[in-house]
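Look at the two complexes coming up: chain A is in both, with chain B in one and chain C in the other.
Up next, the complex of A and B:
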């Protein structure tokens, strides 16, 4: 019952894909939540759509199309975001609607083969070995970069104005983060499709942030939770017969809602017990202590 | 010559799409300026996406699509408000989570409950060419509501948009007006879904207002020029879609994006003066003020 799904090759590959995207999405997600970049993360996935469509029309590997598409989108967001009158959010909206519109024109043109929905919602059960290998390489790149950039990202994230004085460059941190989000999106888009990618990039990280305060443990916990929710989604999909990507994404959102209610319940209980903890659970020193982050 | 240019507009379904886009343009142009000013682009995108399960339900159970979309959009807005109450940061990740939860629900409903199949494309991308009479009425009604609300609340929205802190200290209460603005955006976006689809609805609401913002500083000219630009892009996009057989929503999206880039380039070359400080509540400012690391 428990191990039965994993006897098939399809499910084994799906498991590997979910593990990869969970590791990357969880760790990177903590930075996305910290930097308030959810909209960019959500929309980069939409904006790589024309790349996916072109790849599937010309028969190139999907990951290659996704990579090119996401690069174009990230560069466009970075350029437009520098116009002072319109904030970052508005420039993101401009870029995604233009690029997604382009993708839809290509995808719905009479010459295109059907199969658009696979690109939109992903197909976690249709991952090939080559896809897995490419995804693994990208995952290693993202995780290593996160390790190398850790101090920079932390310094800039806490205080942009003084970050420069301790040798961190806010612009470099922003661009690096955008590129890493792009790479992670490319890994995740295969399994979740471009409408659901944001679930793994934000869900586990937001959940972990409810539970711990320090960055490094938060990243580890978020990755663990992401893999856990991903596996739960695969079980759900296997036994209930629901769509794979949507089940995985749904589990990640449900996980967040559960921790949120548990958190609220604990807070309420603490208040009822009369313990005079300063503020909510989130602001009290966590189990890992309130020391400075590494 | 005349025939090839105006020929498509003689067709009844094109005429209906034309009426729809002209009605929508008033609400989209007006609210677009508020969306850009108040930094609500993600919210408006998310409302459109969150309506997806409602559209699937309406399609599967056979009731009018705007009803389903409207109720899910209100459910989304209410849920978001409830979850983010009392929080000072992290609204964007909450928005993203609620959004993707709704989309996942919609996908499961579509693929495993109703087997909607190819209808999904229409639900996601909409079409100005298959507009019903009620869609037009709905669009006209929301545009009228947007106009009235702008006249009533415009001053408060403007004050809170430029400087939330001092607006509060000046005694401008923005509880009710803000709720009205969010509801109005949900309502208008719902009414545009059948025309532009869930993902591309920002093309009507955000992109034109952002384009005119590059040239216009004062509120009234900005609003009027945004309405005009939405209408122009809508009509031209509709015409292009009839001529090239491309889906209308996507044609408008590409057109609007291209016009924005052209506008950005012409402005760069014509106005070489020093850039003004950002007058919109910028992400940078918010980030510095955001009280995230409380106990470090």
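Up next, the complex of A and C:
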């Protein structure tokens, strides 16, 4: 029963897809969480949607469509963001909604081939070998880039204002992260769809953040959790007949909720213990930095 | 012919105006940082301390005048601004000081780790190298940031209100560390609001959108200079007659919006 789903080619490819998107989403997600880019990641994923749709309609590679989609969105935000009467926040929302709406109109029009709905909600069970190959190449690019950029990203995220003085470059870090989020979105869109992509980019990283306190182990744990949730989602989909992408995304959210509850329980317990233990004041320095000076 | 002392300075600023766009927020600045000197930088928020530091770091070009920095310049930011939940250890932060010397895409090697641990040792935090940065006390975090500048091999350190928010013992420990660093020949520019503390240092630079004064604290910190620096709202607690005032509290002491 445990291995039964994996005897079929469809499920084997789905497993490879969730493994790839889990590795990429988990590792990159840690930076998204600490750079507070969760909303940007979601916006970016939505904004490049028409690019993906047009690429599938015209038979171009999805990557190219995503690249064009992101460029159009960035230019539109840059132009509208300068208009003082609109404001940057509003202009981003206008551009993202307009582009996403345009993509949805194209994807769901009766004239479009039915497969395009997969771009919205994902079709993890419909992954072809070619899709997998492309996803694998992009995954390697993202993971190698994260490895090379690690020290830059760590220094800029720690303190942006003084990053330059120690030889880091905040602009390089920001642009690199946005490009990597774009690439990761293309990897994940096949499995999770444009609407659910943000689940893998934020869920596992937010979970790992509750459990470990150093960046590199956090990235490894987030990737493992994402793959685990992906596999659990596929089991759920196989035995309960639920939609593949939604099941995977759902498992990631459940994982987060579980660790959030465990974390809250542990903190509550530590607080209760601390209150009763004599002389325990200031023993467990929390984020307030109450540690004793030595 | 110039004397040896004239040639030994770490940084020299003369006739400097600096600001954002064409409008200067700081003018008529001229001073020299000698090796081994601790320079207190006094001034209200918005008085130009941050702008001056940015010019010395090369992040902001002067509008007028000249700036010569002859050595590597390290900055020690306010620890109150740092994120306490950020997933780095004290050693990770110290290692960030190696970014400029090792190509940024390479992992720090054994030499870099040894250097970072050595710097943590120098600031008395070797035992806490693996502790998460956010779990350290305010004084310890400040010393980790000093260690980061030492790893950079900075001979000129710019410290942005390093004593703010520290309790008595932490302040004393940081103060003696800064004394030791200056005795090694490093130049320190320390922005602060604590006028009394500055009296114990070598020089003082008073800024209020222009250079109000620069000189030895005993000669410079007169009541007119302090009022010109902070405005007439300073709270003066009169001393015992041996000096102009024994304690002066700047009006924006607790407001650190920039």
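Here is the rule we use: the second predicted complex is superposed on the first by the 232 of 294 C-alpha atoms of A that agree within 3 Å, B and C clash if a C-alpha of one lies under 4 Å from a C-alpha of the other, contacts with A are read in each partner's own complex, and residues count from 1 in each chain.
FYI, a contact is a pair of C-beta atoms (placed from the backbone, for glycine too) under 8 Å apart; a residue touches a chain by one contact, two chains touch by 3 or more.
Since the model is a prediction, treat every value here as computed from it, not as a measurement.
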item: Residue contacts on chain A - larger count, chain B or chain C; value: B
item: Chain B versus chain C as contact partner of A:34, first or second or both or neither; value: both
item: Which of chain B and chain C A:198 touches, first, second, both or neither; value: first
item: First (chain B), second (chain C), both or neither touched by A:93; value: first
item: Which of chain B and chain C A:212 touches, first, second, both or neither; value: second
item: Which of chain B and chain C A:102 touches, first, second, both or neither; value: first
item: Which superposed partner A:164 touches (first chain B, second chain C, both, neither); value: second
item: Touching partner for A:4 - first (chain B), second (chain C), both, neither; value: neither
item: Common interface positions of chain A, toward chain B and toward chain C; value: 34, 158-159, 161, 209, 213, 285, 290, 292-293
item: Residues of chain B that touch chain A when the two form their complex; value: 36, 39-42, 44-45, 49, 83, 89-90, 92-101, 103-105, 107-108, 111-112, 120-121, 124-125, 199-200, 202-203, 206-207, 210, 213-214, 245-247, 249-254, 256-258, 260-261, 264, 275-284, 286-288, 290, 292-296
item: Chain B contact footprint on chain A (complex, rising order); value: 32-39, 41-43, 46, 80, 83-105, 108-110, 116-117, 120-121, 158-161, 195-196, 198-199, 201-203, 205-206, 209, 213, 241-243, 245-247, 249-250, 252-254, 256, 260, 279, 283-285, 290, 292-293
item: Chain A partner contacts - residues on chain C that touch it in the complex; value: 57, 59, 73-75, 77, 81-89, 92-93, 95-97, 99-101, 104-105, 107-108, 124-125, 127-128, 131-132, 134-141, 148, 152, 167, 169-170, 173
item: Chain A residues within the chain C interface of the complex; value: 30, 34, 148-149, 151-152, 154-155, 157-159, 161-162, 164-168, 209, 212-215, 218, 285-294
